[in-house]
Amino acid sequence: MAGYSHFDDFGRPLMVDVSGKKHTRRKAAAECFVKLPEKVCDALKNRGVSKGDPMRVAELSGIMGAKKTSDLIPLCHSVSLDSVRVVCEFREHERTLRIECEASADDATGVEMEALTGVSVAALAFYDMCKALDKGMVITGVRLLEKSGGRSGVWRVLKSDLGTDVEHDRGDRM
Amino acid sequence: MAGYSHFDDFGRPLMVDVSGKKHTRRKAAAECFVKLPEKVCDALKNRGVSKGDPMRVAELSGIMGAKKTSDLIPLCHSVSLDSVRVVCEFREHERTLRIECEASADDATGVEMEALTGVSVAALAFYDMCKALDKGMVITGVRLLEKSGGRSGVWRVLKSDLGTDVEHDRGDRM
Amino acid sequence: MAGYSHFDDFGRPLMVDVSGKKHTRRKAAAECFVKLPEKVCDALKNRGVSKGDPMRVAELSGIMGAKKTSDLIPLCHSVSLDSVRVVCEFREHERTLRIECEASADDATGVEMEALTGVSVAALAFYDMCKALDKGMVITGVRLLEKSGGRSGVWRVLKSDLGTDVEHDRGDRM
Amino acid sequence: MAGYSHFDDFGRPLMVDVSGKKHTRRKAAAECFVKLPEKVCDALKNRGVSKGDPMRVAELSGIMGAKKTSDLIPLCHSVSLDSVRVVCEFREHERTLRIECEASADDATGVEMEALTGVSVAALAFYDMCKALDKGMVITGVRLLEKSGGRSGVWRVLKSDLGTDVEHDRGDRM
Amino acid sequence: MAGYSHFDDFGRPLMVDVSGKKHTRRKAAAECFVKLPEKVCDALKNRGVSKGDPMRVAELSGIMGAKKTSDLIPLCHSVSLDSVRVVCEFREHERTLRIECEASADDATGVEMEALTGVSVAALAFYDMCKALDKGMVITGVRLLEKSGGRSGVWRVLKSDLGTDVEHDRGDRM
Amino acid sequence: MAGYSHFDDFGRPLMVDVSGKKHTRRKAAAECFVKLPEKVCDALKNRGVSKGDPMRVAELSGIMGAKKTSDLIPLCHSVSLDSVRVVCEFREHERTLRIECEASADDATGVEMEALTGVSVAALAFYDMCKALDKGMVITGVRLLEKSGGRSGVWRVLKSDLGTDVEHDRGDRM
């Protein structure tokens, strides 16, 4: 049976040795959703961006969060990211904010955690910006969409895994 | 209509001025869930803690994450936390990990963001520890359970808000 | 002759002992200017904020920078800020961006360094956002405008100190 | 018209993708000046370095500040610097401290922001060391002197750009 | 038997709840020693401080390290230090560098870890400055000397605990 | 006589320029010891790991500490570590905890400071976990065991350097 990669045989935590791995182009994309109470929806609908847009603050926070990944996740390698992009999309009819983060690096280790951290921090920052309106927001569906590069190659979330609330079409952006 | 608290009238971001607020005992609790694929469930079931327990690493990461909240969330005040506690609970029959974080401080501002950041970072660290087994884990239901202290007093998540996947009984711990 | 407060008699650096000082309301305001080459001025004039506004990113960066002051300045105390506010103002006719930062805290030590760090980091972030247009921007006039609170009371920059490029009227905002 | 490189077409902030860029030797130099009130000048003149030298603390702070650039500037890539050097020079007759920072890296992105952050943090640390003597110091002329490496090649500040207070001869150090 | 304070009954790590504790004046002092090979001793003897003094860099590093304690030690509370002082003393005849750190705060929790982190980081920075001369330096005797404040009151290291290499007289400085 | 590598001829601190150095595989190992008072020994003996194991927390802290080295040591380069491993070993008969850290990277600069920082932070975290039992623990024998890679090649601590309290056999693990 495959065991944990981050513990040795004595249960000690370890940072996986990547010294034997080749530097290749690594990419990862992750997404999450914020379920929006009515007041938050109204605020997003009614105020123009000139009055301040919490989605832009969330995107910037997500980018900075992705850069801090190895500081937050104890056994993550420090990765020098080539690009990070966080996109917030207000889905008015679903009363939902969708957040996606794409990250890439030329490295010996993948950037899945960077993409997941990017969407998580973006969602938390969005929550903070809007919590005076309603504290009932829920962050949901934080998951990896796909990753490529490295020995294990391409991984994509399976259509059949998708619950009804995360149905979406990412097209061929990556 | 109430507007955003973190923007001024010209759309500029601002850290809310708490100089007029009293220091009172602030508490907050948040939770989240990680949906576990079969391989991750099996690993949690079959290996004893002596071989390394990803839940313990996640809890420690969540505590450290809560302490970094003001570094991650741009407009959060720096709060000196009196206590942080992160609890991971493996719900084998639901194939789910439940994570709860309770934080408290004697401060002029609440600790909701600290509790939410605590569960989020714990979940991300857990994902990292187990992603070699299966990358299909999904973090869901990240939300505030309750908060107390400050002018706005006690806030509790409503029973009626709860979807079927987050049904639970917290008892009277707080 | 008054000596340095941050060295002892043997030339050793020290963090000034504030244990005898009372916690009082401390405020400080600082400003700086960025001289803008033509291309940067044109970009600020011609693009609407919906296309992304480097001033908003600069303001957010300045707030975060102010929170990191004690991490950047070796002998600064860690201060829990009650408020931080950074305002960027495009002065088209002077081809200048003016940045002001106001910070406050209830503490035993002043927040001058927080205000100065706030404007400096905001200016650097603005430079970064616009450097693809022209690298010839110059950050100038970084200085304290006023501070209040503590034993030394109120300090204000003197009118007679002002060079022609920093002439301005702050009114009575503080 | 050239637009901002750090926003996409929808005004979202982004970290520029450098995955297509070659790793080459990047260098940058920046400078700034601190205008010194009489008391600060006197302190620099009269006290020997054995009693503590704020210029040495400023230089060390500037080096550390340059290493923190990607943490301070939201859309900066994390760069592994090959060298950083900060030099403080007391120009007694001009009542001025000149600070220069040179940084280099073998990377896909330039190190201009690292050099500018280096001089800015050095100046702020110097201010902090001397502010008990006089808070009227002004940091001025923060700018890029030159950069080399990368697709855009060499950039040098133009002689004609220089105001009288920043006239200087850097020789051929770079 | 007294158990660990940082684990609950299920082995989960926790940050001790200090919400019931009074804010009182807390002090702590720690020390350590660096055993110096001949080349390092010679360098300390022969070069004047005008040529750069690794002891001053170590002291500054130790102060900054003490401020980062809660970032380094997972279950430490974030403490706002009132003062930190690090003193390096070259004991030529013993071929030893002695480092002492005193820290104080008005807080609900002690500052022992801050003092211990201060001497440890100072020693590591000193090692780094001198390792090109000889990598054989050994850091030894890192320990708490005394602490005061809080419910447990004053604690002092016992004379009888002292080995011959740590014999010293601290006088009544604290 | 060889001088300090981290100061220039005028006593200014500098980060050594590694731009001329080749990237090669760098390794380093360091160790330290914590002398354990009786109560701490008893706790380690009598409580099973299911009740929480301070050694596991120390190991995790050491790994995270090693990643923060360039943030703690002012003139250290930022190194992207390929692996870090911290091992705590309870030597009951010697009433001692031995900690060893091995780090590796493919870089132009060595990782000695990372290994030394790893053991130091692990020891401090262990102290913190056990200090409620007895504050009399002493961290001792912090030193480099060996390093390899780079122009200066392999360095190993000499047998003859070893004092009686640090006698040990590392075998051929590296």
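Letters A, B, C, D, E and F mark the chains in the order given here, with residues in each chain numbered from 1 onward.
Just so it is clear, a contact is a pair of C-beta atoms (placed from the backbone, for glycine too) under 8 Å apart; a residue touches a chain by one contact, two chains touch by 3 or more.
Bear in mind the structure is a predicted one, so any value in this text is a computation, not a measurement.
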item: Required minimum of steps from chain A to chain E, each step between chains that touch; value: 2
item: Most distant chain from chain F by Cα centroid; value: C
item: Contact-pair overlap exceeding half with D-F, pair selected from A-D, A-C or C-D; value: A-D
item: Chain whose mean Cα position lies farthest from chain B; value: D
item: Same-residue or different-residue interface between chain A and chain D, half as cut-off; value: different
item: CA centroid of chain D to CA centroid of chain E, Å; value: 33
item: Between chain A and chain B, centroid-to-centroid distance (C-alpha), Å; value: 16
item: Junction residues of chain A, two or more chains touched; value: 8, 11-13, 49-50, 52, 56-57, 60, 64, 68, 71, 74-75, 78, 80
item: Pairs of chains, among all present, that meet the touch criterion; value: A-B, A-C, A-D, A-F, B-C, B-E, B-F, C-D, C-E, D-E, D-F, E-F
item: Touching residues (chain side chain D, partner chain A) in the complex; value: 8, 11-19, 70-71, 74-75, 77-80, 108
item: Residue ranges of chain C touching chain A (in the complex, touch as defined); value: 49-50, 52, 56-57, 60
item: In the complex, chain F residues that touch chain A; value: 25, 49, 56, 59-60, 63-64, 67-68, 78, 80-88, 104-106
item: Residues of chain E that touch chain F when the two form their complex; value: 1-13, 32, 39, 42-43, 46-47, 49-54, 57, 60-61, 64-65, 68, 71-76, 112-113, 116-117, 120-121, 123-125, 127-133, 135-144, 147, 155, 157-158, 161
